[in-house]
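Each remark here refers to the structure printed beneath this line.
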Amino acid sequence: MIEYAWLIPLIPVAASLIILFGAKEDPRSPLPWIGIGAMTVCLALAVSILWGFVSGGVALPYEKNWDWFSLATTIGGQSFVWTMPVGVLIDPPAAVLLFVVSLVSLMVQVYSIAYMHDDTRYKRYFAFVSFFTAAMLGLVVSSNILVGFMCWELMGLTSYLLIGFWFEREGPCEAQKKAFMTTKLGDSGLYLALLLLYAKTGTFQLTQLHQHFALGLVAPAAATVAAIGILLGAMGKSAQAPLMVWLPDAMEGPTPGSALIHAATMVAAGILVVSKLYFVFLAAPLAMEAAAWIGLITAFMAAAMALVSFDIKRVLAFSTVSQLGFMLCALGCGGYTAGLFHLTTHAFFKALLFLGAGSVIHSVHTNDMRQMGGLSRRMLLTFATMTVAVLAICGVWPFAGFYSKDMILVAAWNHEKWIFWPLLLTALMTAFYMTRLLTLTFLGDDRDHERFHHAHESPALITAPLLVLAFFSLTAGMAVAHDGLAARLFPKPTLSVAADAAAATPSASVAASAANNPQVQTPDAEQELPDWLKFGIPGVFVPGAMLLAFFMYRGPKFEAAEGLRSAFAPIATLLDRRWYLDDAFLALVAFCDGVAALAFWIDANIVDRVFVDGWGLLMRIIAEISSFFDGAFVDAAVDGVGGLSTDLGVGLRSLVAEGQVQEYMMYAAIAVSLAATLILTR
Amino acid sequence: MQNLSLLSPAMALSGLAVLVLLADMLVPPSRSRLLYHLGWASAAGTLAWLVAGLANPASRGAGSLWVVDAYAQFFGMTILLAAVLCLLMGLDYKALPERHAGTFTALMLLATSGLMILVSATDLLLIFVSLELVSLSSFVLVGFERGNPKSNEGAMKYFLFGAFSSAIMVYGISLYYGAAGTTHLIRGAAAPGPMLMLGLILILLGFGFKASLAPMHFWVPDAYEGAPTPVTTFLSVAPKIATFALLVRVFVSVLPAAQFDLQALVVLMALTTMTIGNFTAFFQNDAKRLLAYSSIAQAGYLLIGLAAGNGRGVEAVMMYSFIYLAMNVGAFAVVQAVGQDAGSCDLSSFDGLAQRSLGLALAMTFCLLSLAGIPPLAGFMGKLYIFSSAVETGHWWLATAGLLNSVASAYFYFRIAQRMFLRAPREGALPVAAGPYIYGAVAVAVVGVILFGVHPEPLIAGVRASAGLP
Amino acid sequence: MTLADYMTVSALLFLIGVFGALTRRNIIGILMSIELMFNAANLNLAAFDRFLHPEGLIGQALAVFVITVAAAEIVVGLALLLAIYRNTDTTYVEDFHLLKG
Amino acid sequence: MLSLITWAPLVGALLVLLIPKENVKAIQGVGFLAAGVSLLASLLLILSFDRSTAGFQFVEQWSWIPSFNVSYHLGVDGLSFPLVLLTTFMSFIALIGSMGIKERVKEYFFWFLILETGMLGVFVALDLILFYVFWEITLVPMYFLIGVWGGPKKEFAAIKFFLYTLSGSVFMLLAILAMYFNNPARTFDMIEMMKAGAAWSPRFQEIVFLGLYFGLAIKIPAFPFHTWLPLAHVEAPTPISVILAAVLLKMGVYGLLRLCYQMLPAGFAWFLPALVVIAVINIVYGALCAMAQTDMKKMVAYSSVNHMGYCLLGIAGMTAAGFSGAVLQMINHGIITGALFLLVGVIYDRAHTRDLSAFGGLAARVPVYFGLMALTCFASLGLPGLSGFVGEFLCFLGAFPLWKWQTTISVLGIIATAAFFLRMIQKVFLGAFNEKWEGHMPDMTPRELLSVAPLAVLTVLFGVYPKWPLDLMNATVVALLRK
């Protein structure tokens, strides 16, 4: 089946086009089922590939390229026509992500059938979702990082469209613009990284790039710059500090859309690209370090914000940011496997959380958790699945999150203790605020009887996806962690040169330098956590945090929590204002507008005057002078040359009666005598 | 007085002029248009004769006071062409008193013959006489609309200035004679000395009057505005071209002999003439006056060719003056048509011409663009020739100044275009009603302007063939 | 009397003529001044013939031409003046200012 | 064949003159016929265009002014052929857009067709005088097209455009003459010039370069000579804005490659550092100025300044990728910005205002229009998958190795570009519907759709499959850098 892998991104594209142009907009349109069908096909393909690999039937990585377009290029002073390939490269992580993405997307679409029904732009929504998924799948499978970048940007576009889906309201419009601009800011880093990589290697093919790095053909400095550029891109897309501002606002979109953005596609892309270009980071320790710390800081900041928020979707958004921080931190710490592993597990339970939250909102019509409570009695199924998800994200054994998060902590432990401890703290905060969310929403007594009585379990189309995702949230961890499958699925790339790689590389110089390659790394030996941590975290700390949250928030008023909030008021406001990052962002925007206004003022009042109208002015001046000598001056003034000339003109008139023949003669005579003397006295 | 026969076309023309005067007595005023026809026919006939004679080398040769070479013949033909066109225009010029048709025609023919002699004259005596012949007849022609005070005033100013400058020239001639002992330009120039040079300067300034070079240009706007449009056209073309022919002759064959370098003066004059012409035109609101200044500027461009002074420069002057004839006649013809229709040549009478009669508007536009030197019209080729001669002889900044001037000139030429196309016509304005002869003149001019723009080679070849000077 | 004296006189005549032409307000006056300039030239010509080129006659011939032409010019000028006078009842130049830029 | 392409519009113009001005249908018919002929002819040439050779193809040479060694010499290579196609295509599109012109149709078509001939001639001419003649021919019709059918300040805009560009081209003429008199072959033939150019002294080349550059920079328009552009664009009628942006600006960049680079290598190299700085200024400063606009058309005009900056940057890179990027960017900018102006024209026809803040929430009312506008805007801000990205990316790719910092700054400029386009979309289409336009906002008419749809299709096509345009130019571009 794998030879059909190239179809995977194209099928949903086709689907979205059909849906978009297929028929008139109609709230009950059957077209969305096309998208679902397409996604099912993708899922089937993905499953076959993944299963084939796991069962050893299919050998990965699998790469196949076609010619895309040929391009005249200059490398090292030599100009020639070079053919840009486009193709698929499926390594084990890609196989996994194919499965995850198409599954989550499928679930989201099924869910949306019910959730989005009789929306005015029902059909368009599904077109966007399909396209969105297609872009993500394209990024996953593409063997050419430039193509990857294109998909990456297209994802930016579709997220823009989804976030601003309800554009009649002001909020979504601002949010979508914010999301696009912030990610664009990060993208420019990736953009430059690509330019640099091409300048150094002359290719966009991941495998060839990897070889160049493996052979140490790229100077560490260049590698570092490139890696930092890539990191910037990832920070934008994966909403890492300080570019995290857009993600919470992205909640303005339809909830299932948010689920897709947060779980499987948009934000995952950042981590994915870092992992695809991981060899660049391996060659740039500095960038690795930066990644680790940025991940850590993000994880902490986001978790802290989640502690105080009462908007159910915002809490989930912050948790997403925080979890992404975990992943980036893991990658930075060299925990490649851990990072990607967490990416997959996270995809399941985060999608589940969002869809669950959507189901809740769908029934109580509010995002404010203070108006919920006790809903478990109303919507049991949603509650059950949500609980699974919460347990998973908290890292309770044996749920999926446990294994991946454990791996991350191990990686951090092995890399740097100063990262490990804060990371652990953040993990506990995660456990706390997720339990808080669960408690506020489903447990305790109902705070708002009105809403409570209207609440009801959602239809099957909504609950079925929840169940599916719940199943994976429960099992994915065990399955993958079982007998080192994780290491097989997410093998950490190295900079050690494989003989065939050296042979495969075009130039002889490459092969030569392969011999004495400075930076051949040996995979560092992983050491376990000390036992008290290994068993203490899942056994004591996490449950402790969860229980704390439960008891603090189960009551109708949760005085204790409020007490704490008032005790640490400044911190609380700091967190409520989201570390003032939004204000900083707005200030930046205002600043840019100011600069723009200034630039235009200069253009209109200086450049134009000097370089364009200046010519006209010069002509006018010469004209006035020559007219002065021609006695046509007064009339020139009448022509509206300017007040000044009028005065001069009047003055002149009093001297000689101009426009009269004798004045002409006089000029002539003077000129004659001048010329004569001039020439004769030479 | 040997080889007098060489001048026979010119003399024949003056004979014809007298004939016209005689006919004037016989023809009843009601049929006086006949005289105009007679006039342009005789000019055309002479032209035909001249053209026919080209093939025959006997038509060229040197006389005691004159030399008729291909160069002179080229200019003779140019001048005759101008005369024909202007007389055609005269046919449709209402303001001319019917009963003086004969006089008008005769004077035009006389002036023409004077110019034809001028281009082949090599002796100051002949130059003086022929110049005066031209001047006297054109003084009268300018004042021909006797009822019209503008015409009178223009004539008077033209006359006074003309008399003044010719007096200066005569004084110069006297000095030249004193120094050289002869009035023959080429033979006399062998005796350099301050007196000769002062004489030459005064003489050249006398020429400058006819060629309307700064600082002898002051009469131009007034005379042009006051004169009947056909006369204006004639003055703006024929005397200027003829005088330039003379100037080139003097500069190429006389001054070197006199070891006398006037180039600095010429460059200066070219500069001032262009600049004053172009930039003063900015503020003119009368079409004829505007074109008057433009014709001053054009003289400035011609001077650039003179300043270059090399063979290419001579060719450039010849070519440009021929093209200048076409475009200027065309422009003035349209002005006459529109001006007669509107009763005044004020620019406002051009408003919305494009919507009234597109043909005239386009013709005017082409002529103006050509005057501004915009390709692919003849004016561009002429300018290209002129400026390339300047560049070739290293007059970089002169060429630059000239080109910038032509940019500036585009501004006021487009003031007319703007009114014709961008402005709306007055309410109920009808298409311009102009006679067939005007259209004829316009057609000839525009065809020339376009033809020599897109296919200048024949003209260039002709010029090159006849550029050789003694 | 030497040639120099003649030339000086003629130069003076010429300058007087120029001055008059520039300053007289009456057209008749201007015409007369211009005549002076012509005659300065004539005087020159005659003097040159007499002193420098007694053998030739060109100078005198030229002088005759000049006289004739000058006469003709005066005729034309007066004719124009007459026409103007008919229309405007004046012969003073400052009254002519219809034509201006 | 090239002659046919070039002169067909002129013939059309002359035919138009013969038709009485009341007979609008016939006039339009002739116009479309003429433009269509040259469009078809140019499309036919694609089939026979040899993509593997760098030399000039379809060459026609007849002696024109032998006494000056001026010949009627036409030919295209990978550099000019895409631009010829662009010209014929965009002219036809603009003609479709011109169906909206109701008054003085005859004159309009007359001038328009002359303009097309001029533009085509510039790209196919292989003789400097011929080149210059065509170059100037484009000015006059432009003056009338802006001046007669333009907006409120049309007269000023027209004369400003005319005089300013004319004064630029004057220096070009001087430079051409200088090259002529220093060319031992004493010819204006471009190919000869390219041969002779290498031998000229650097000093001479630098001076001549400045002369040429002044003329070209005004057309491009390169900072600081760009300020005529916004005015001209704002005042010009929609189809003319399209032509102005799509083709006329390209003449400048084309000239920069054809004349400056190929004939004055030393002068070009000497100017390179300045050129890259100008490019960066165009990009960043142009984008900033666009950000400050409230008039849609003016905003798009400044975006052209910004996009031309990409072309300059690509050229300044002195790499094959940069050159092909520059040419591709010219094509794409022509298509995209042409579409943008058409679309702005559409809304202007309905609302008679272009003020961004006057609208709001149109997306729901005019979905088709919104879709096209969004597509074009995203293409213009360089969204991958649309044509704008490819050219832009190649420009950066080509410039980066030589000019790292400058390219970095320019890449940041992209963000500003994105900013003002998104703001425009938001202000006009999103948010609450501005009730003022209730009932005044029908969606696009078939004619408008007909004029914009082909451009949109090409935008997507070249975005995902740039092979076709690139194949046309590859061989030539490589050869350009070989010498």
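Just so it is clear, A, B, C and D label the chains in written order, and each chain counts residues from 1 on its own.
Note that a residue touches a chain if its C-beta (ideal position, glycine included) is under 8 Å from a C-beta of that chain, and two chains touch if they have at least 3 such contacts.
Treat the numbers as computed from the prediction; the structure is a model and nothing was measured.
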Central chain (by mean CA position) = D
Any chance you could check whether A-C or A-D wins on number of contacting C-beta pairs?
-> A-D
Could you tell me the distance, in whole angstrom, between the mean C-alpha positions of chain A and chain C?
-> 96
For chain A and chain D, what's the span in angstrom between their mean Cα positions?
-> 35
Dist(centroid_CA(chain C), centroid_CA(chain D)) in Å evaluates to 66
Centre distance in Å when chain B and chain C are each reduced to the mean of their C-alpha atoms | 26
At least two other chains touched by the same residue of chain B: list those residues.
-> 156-157, 160, 164, 168, 221-222, 280, 283-284, 411
For chain A, what residues touch not just one other chain but two or more?
-> 627, 630-632, 635-636, 659, 661, 665
Residue list for chain C, restricted to those that touch at least two other chains = 21, 30, 93, 96, 99, 101
All touching chain pairs, where touch follows the definition stated at the start | A-B, A-C, A-D, B-C, B-D
For chain C, which residues count as touching chain B in their complex?
-> 7, 10, 14, 17, 21, 27, 30-31, 34, 37-38, 40-42, 44-45, 47-48, 52-53, 56, 58-59, 61-62, 65-66, 69, 72-73, 76-77, 79-81, 83-84, 86-88, 93, 96, 98-99, 101
Per the touch rule above, chain A residues touching chain B in the complex are 619-620, 622-623, 625-627, 629-632, 635-636, 639, 641, 659, 661, 663-665, 667-668, 670-672, 675-676, 678-680
What residues on chain C touch chain A, complex-wise?
-> 18, 21-23, 30, 93-94, 96-97, 99-101
Quick one: in the complex, what on chain A touches chain D?
-> 25, 68-74, 79-81, 120, 146, 149-154, 157, 164, 167-168, 170, 173, 177, 180-181, 184-185, 188, 191-192, 195-196, 198-199, 592-593, 595-597, 599-600, 603-604, 607-608, 610-613, 615-616
In their complex, what parts of chain D are in touch with chain B?
-> 17, 21, 64-68, 104, 106-107, 129, 132-133, 136-137, 139-140, 143-144, 147-148, 154-155, 158-159, 162-163, 166-167, 170-171, 173-174, 177-178, 180-181
